[in-house]
Amino acid sequence: MALIRDLLIQGGQMLLLLVLAPLFTGFVRKMKARLQRRQGPPLIQPYRDLVRLSRKEVVLADQASWLFRTTPYLVFAATWVAASLIPTFRIDLLFSWSADLIAIIALLGSARFFIALAGLDVGTSFGGIGSSREAMIASLAEPAMIMVVFTLALIAGSTQLSNVAEFMASPQVGLRVSLGLALFGLVMVALAENGRVPIDNPATHLELTMVHEAMVLEYSGRHLALIELSAALKLLLYVSLLACIFLPWDIESAGASAPTLALGIFAYLGKLALGGFLLAVFETSIAKMRVFRVPEFLGAALMLGLLATLLRFVSASF
Amino acid sequence: MSDAVTFNAMAGLLAIPAVAAVLLALLPGYRLTARLNVLATALTLVCALSLFFRRPAPGPYLLVDDLNSTFVVLTTFVGFTTALFSASYIGHELETGRLTPPFVRFYHAMYQLLMFAMNLALIANNIGLMWVAIELATLTTVLMVGIYRTHEALEAAWKYFILGSVGIALALFGTILVYMAARPVVGEGLDAMVWTVLVTRSREFDPALLDLAFVFLLLGYGTKVGLAPLHAWLPDAHAEGPTPISAVLSGLLLNVALYALLRFKMLLAANPAALAPGPLMVTLGLLSLVFAAFMLYRRRDIKRMFAYSSIEHMGIITFAFGMGGPLANFAGLLHMTMHSLTKSAIFFAVGHVAQVKGTQRIADMGGLTETHPVLGWGLILGVVAIAGLPPLGIFMSEFLVVSSTFARAPLLALVLVFGLLVALAALFLRLNSIAFGEPRGPNGKTDASYVPMFAHLALVLMAGIYLPPALVAWFENVAKLLG
Amino acid sequence: MHGIEFDIAHLLAGSLVLVSFLELYQDRLYALLNVYALHALVLAASVAWQAFVQDAPHLYITAAIALVFKAIVIPVALHRMIVRLGIHREIEKAIGVGPVMLTGIGLVALSMVVMLRVTQEADPLAREDLAFALSVILLGLLMMVTRRNAVSQVVGFMSLENGLVLAATGAKGMPLVVEISVAFSVLIAFIVIGIFLFRIRERFDTVDVQALDRFRGERR
Amino acid sequence: MTLTVVLACAAALLVLAVLAVVIARFSGATRLVYGASMAMAAVSLAAATVHLLSAAAPESLALPLGVPWLGSHFRLDALSAFFLIVVDLGALSASLFALGYGEHEMTPQRVLPFYPAFLCGMTLVVLADDAFTFLFSWEFMSLSSWALVMSHHRALENVRAGYVYLVMATFGTLAMLLGFGLLAGPDGLYTFAQMRAAHPAAGLAALALLLALVGAGSKAGLVPLHAWLPLAHPAAPSHVSALMSGVMTKVAVYGFVRIAFELAGAPAWWWSIVVLAVGGITAVMGLLYALMQNDLKQLLAYSTLENVGIIFVGVGLALAFRAYDMPAAAALALTAALFHVFNHSLFKSLLFFGAGAVLTATGERNMEHLGGLIHRMPQTAFVVLVGCAAISALPPLNGFASEWLTFQAILLSPQLPSWGLKIVVPAVGALLALSAALAAACFIRAYGITFLGRPRSGAAQAATETDRFSLAAMILLSVACLIAGILPGLFIDALAPVNSALIGAHMPRQAGTQWLAIVPVAASRSSYDGLLVFLFMIISGSLAASAIHRLASDRLRRAPAWDCGYPDSSPATQYTAMSLAEPIRRVFGATLFRAEEIVEMPPPGDMRPAQLKVSMRDLIWDFLYVPIADAVDAAADRLNPLQFLTIRQFLSLVFGALVILLVVLALWP
């Protein structure tokens, strides 16, 4: 019985993420538009886009290989699995122990790996631009992320996200320097990973500046839909990650009753709204940086993470 | 009866080569003389082997004990295989007209004379006699080095002769000094030069005289061993003489001189008051090793290169014996045996290489493994062995030398290892350009007999993997003898 | 042995050293050969004296050999040779005489020092003799080192050998084998050198070793 | 019994080598030799696996070979059994691959005799139980692999590679020889049993450990002793490259582990710092080098450095934990290292096979002339993709599993009391993270340029799928990669005896955990379940696929690439290997490689093409190896004139020696 319930909750959480992802993207867009004094597209615009895309026929480049066609599914699967392991409104999800934070990052890494390959598959110059830049960004963002993870793991004594969240909610986590550093690092990484301003601009198709868009340039139809969906999922994933680590309140523990679960869900939605708003504010208030400033930006993130870890190593009180 | 047999065995070592020398000097006809040469060396080898079974009692002039029977067997064996090799080699030289029949006759006679001299030097129980024999060996080799009568050959022989005679003079003075040291104790006359007597009484000798004597003997016989800085004659003599002689020089004559040195080392070691001979030998050994290792880099003549490698290995052996102790001595003996076999095998290969390429310049050789696979791989195997890599015998001896030294004198071991590495790098640097890469230079055909070369290498290989217990016991015995 | 005999032996040995110095001093081949003859003569005398003192008749043979071969035959032959080669008037461009002499003196001193370490038990004659012999040997070697001309090098070598003979004869009761070997070696030495000079002359017009060095196997 | 079987296999390999010399020229020799080697490998693989899984007691055997009074000792314990598995698995797959690949060999007589000898050498190293036998087999292994490197000797760079390799290998052997000399002590206790019994003083152990690190490191390719590796590994035939990179480096690791954990007693903790630092630096440097290569096999060789670095980090951590008597943590670290040893041997062999297949299909090793092979050799492309994913540490494959364990070990290290480690370990962790990310970039580049895009040369255009044996070998390995990735628990349990033998403790048994997850320390701390993640991805992926195909249109039209509306252009406009690495080169190369870019932009109206020249320098080579070579050259030049003195000068040498000795005598007290 309990197993079935857990199974349902796990499944429910997965579906919830799937449903929320486009909405969240739409929300951020709307917010940005509003901040820029624009009307902006309706909240459900992303859903419309997805539907429209999936209706269209796929125009596949001549040189595209099977890898090109399977990549969207792989990317989607990896991202979705990663996302489904993040406690959103309830910790100790059924399968949460099957992969810890490091594994989640690695899953996202594999998604990136394949999408970068897809960028090279057709053999166009723009795909190459995207892939090479993505590789460079990733090669700095990932270690930074790992360092952040180290910090958190050393604070919480676990890489298991549920336990981390539990620990964060618990009183014995005071204000810590390392925690602050980790927060900064994580935010910077999140921006880079999701290709947001100032690293990349999801709205642009200006050839010389785009990164993520360049890789998926050749995709169309249902493939593109899947890619867009996974991008949205990834964004949601990072926001929920930040939420469950740094705003761990009202994440219900195992065996919580239905109403408390509902409360947890609402709390989660609230956190998302806050996160989306902050993101919009940040994006509107800052300009995109040149691609070759990015290493400095991410290098800073890496340094923050390393510093945090060092502090933790040197003394448990930081 | 049995005494008679053994006496014949011992006398045979001397008589057979002597008679053969006379015959070969008289008999015409290349085929016949070559065969006779081989036959004589074969008989000598048989005599040497017979020493295992019956060992004659030491007389005032001749002596056979564990130490020198090691050398005798080695000498006669390599002498035999080299005779085999020289049969095919000299034949080719006749065809190409580098040698004329009279010179070939002279060559064969000298070869046997050399064998005689070396055997005599080894089994002599009388230090004076030993000196005479080594002197004789030197002179014969001088003549053979000069046999081609080219500018280079004459110069090499002349150089060899002058340096050799100076060395021999020093050695004689040393011998006289030993006699002087012995006389007050042993009394005048023959006994004072009989080694077996000396070694038993030497603790009563005057240490100062012994020290002085050893200095002269070290320099005198050290010249023959080719230790730096007395080595100068060695490379040229190897490079300019006929290859069989190079093989014999490296494989045997150096050993014989070293053997003489060892005898006197034992004499000194038996006298507590005298200065320890070890440090001197260690110093000279390391000096030769490192010096030769660096000299290897600039060599362009293949035979001269391997001559330097002989210096290097003589350095190692002298070092090992200088270190002393059962382990190091064993290693030294093993290394000496392996080096004789390997180096002569290498010279067999080199001789044929020089013949097929028509030159000794390394620059004119290349891709040997393509043009002459057997010869090329034989040479590679030889170099691998001489560089001290497994599975061949020298690896074992070097393992023993280095590891036994490192425990006792780490710094010396470091120098030793350094020298070994430098030498290996140099050898393979040259080997690569000889054996690999695009084939270069002319490639004539050769009707070479590879039997001697591969026989030696097979022995070395076997020694690297498995040493027969009998041999081991024997060597250990000798090692104890050497103290 | 009585003082007088000792003194004479000592005197002869010492004079041998002196003659070695004369050799070092000479820079003309011709004169050099003459001095060498003198050297051999003194040697013969001292060997003979030793024979008389030790009443060891076989030593007279050695003396005779020294007299005949070294004092007469070899110098004459070498005279002939250098005349034939036209180098008898040649003046050695050797290292300056002064330093050579000084080195020589140093060597003599060295050999004395080394010998005096020998304990007193060994009979004094032998000790002194050995000291002189050693100095003769070293001087001969020095000569070989400082001379460029092959003939004078050979002369140096032979005076070195004289030193050996002196030592051997000084060694009381040393078996016959040694004299034979010495004579033997001198003989062989001379023959082979002769052969070589002959061959070398037939190759090059001079026996100056530097000419030989020109034909070295490998040049850089 | 098992030991006898394994030794028999080794002996059979030797016989095979000798036989190969004779029959190499005949047709069918290739099949025979590789088939036989495969059989031998299979047998001893089975034997070793049984021994390890049954956690059998160590077997030892002494043969009257080698140094007479010593004999040559062999011993099969858990550690050697594990490495024997690694060796034989590599040998098995390499032989299988070579059954097909070997047919293309131009000069089989230069490969066939040495191949079995090489296998035999590696087998003997892991079995040796005394110093002589160990060094003998060690050097024999180097020598036979040298011969294999020289097999294509007409190319000058191969000859050079072989030369550098042999010299470095001998250098390593001599270092090890000195190390063993230290451990054996003055009375020559050469057998490992005696060394285990003797407990050397700390200083001595430290020195021995340093020598072992130099010796094993020079074989495993630790920076800065790596110089030979990227030269030699690519020069050999591909199946041999696979063995050298995938297996021989592991044998080197074996040597170090054996000495560090068993023979050298208990070294001081700060040696672990050296090992850790070297490992971390090697990991990152290796990848950065790899990212700058255009030669496929060279790239793979450099990436071997990275993995060796990761392994040594694990070993270093284990040393540190052991020095502070934290057996559980030590077991975790060592398990991580050994598991990575196993994994790397799998996917590195796989990748070299792939490179070999590409080489035979196109005759090209330079990626700039490849591309689009995924269309022409689809199966190869697929298995190589698996290999790339595995080596980039992507879940659910095996590369990730072992790196995850390493990270877990690092996360345990704050408990270490020493400050030095407190500072070094996090830095090393950062280096590892960096290298993991760079690995992904590196293999995106390698795979993307080689297999994807459009062909950059006629050769790539004309490529065809490789033969079935090669494919079989590669499929075998890729399946192994997947299994090791989704069922790491099995391997961790198999490694338990090794840990208990070396450290006296082992990781908690994983067999019991739910869903075959792995739990290194405690479930509350961290856990990972490759199987579940794998299933998850399969399910969600297929869910998405089926949903899409049910709901959305499945119409599909082929058309020229859009490429932002630029008309179809020549394949030359694709990203090249160089340009793909350009951003990373900008980030790291400027300092580490002194990378410089010179752009020649002709003035307007000038018809000359613009040119971009990139120059890079290998600083380690320039500042470590070149000076040494120069020094030796200078010394040789200084001494050489001594060959050209006149006789008189030689005489004066003798004279001088005499005088000096006499003076010494005169001054002697």
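Labels for the chains are A, B, C and D, by order of writing; each one numbers its residues from 1.
Keep in mind that, in the parts below, a contact is a pair of C-beta atoms (placed from the backbone, for glycine too) under 8 Å apart; a residue touches a chain by one contact, two chains touch by 3 or more.
Treat the numbers as computed from the prediction; the structure is a model and nothing was measured.
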Two chains sharing the most C-beta contacts: A-D
Chain whose average C-alpha position is farthest from chain B's own: A
Cα-centroid distance, chain A relative to chain D, in whole angstrom: 35
Mean-CA-position distance for chain C and chain A (Å): 100
Interchain centroid distance [CA atoms averaged], chain B/chain C, Å: 31
Distance between chain centroids, defined by C-alpha means - chain A, chain B (Å): 79
Set of chain D residues in contact with two or more other chains: 640, 643, 647, 651, 654, 658, 662, 665
Residues within chain A bordering two or more other chains: none
Interface hub residues of chain C, defined as touching at least two other chains: 114, 117, 141, 144, 153, 209, 212-213, 216, 218, 220
Chain-chain contacts as defined at top: A-D, B-C, B-D, C-D
Residue numbers on chain B that touch chain D, as the complex places them: 158-159, 162-163, 166-167, 170, 211-212, 215-216, 218-219, 223, 229-230, 232-233, 235, 275, 280, 291, 294-295, 297-298, 327, 367, 369, 373, 384, 387, 389-391, 395-396, 399-400, 402-408, 413-414, 417, 420-422, 424-425, 428-429, 432, 436-438, 465-467, 469, 472
Interfacial residue positions of chain D with respect to chain B in the complex: 64-69, 109-110, 131-132, 135-137, 139-140, 143, 150, 153-154, 156, 159, 162-163, 166-167, 170-171, 174, 177-178, 180-182, 184-188, 190, 632-633, 635-637, 639-640, 642-643, 645, 647, 650-651, 653-654, 656-658, 661-662, 665, 668
Of all residues in chain C, those that touch chain D in their complex: 107, 110-111, 113-114, 117, 138, 141-142, 144-145, 147-148, 153, 209-210, 212-213, 216, 218-220
Residues of chain D that touch chain A when the two form their complex: 371-372, 374-375, 378, 381, 385, 389, 392-395, 400, 404, 407-408, 410-411, 413-414, 422-423, 425-427, 429-430, 433-434, 436-438, 440-441, 444-445, 447-449, 452-454, 515, 517, 523-529, 532-533, 536-538, 540-541, 544-545, 548, 551-564, 566, 569, 571, 573-575, 579-584, 586-587
Residue ranges of chain B touching chain C (in the complex, touch as defined): 126, 128-129, 131-132, 135, 139, 142-143, 146, 149, 151-152, 154-159, 161-162, 165-166, 168-170, 172-173, 176-177, 179-181, 183-184, 188-190, 192-193, 206, 208-209, 212, 236, 239-240, 298-301, 304
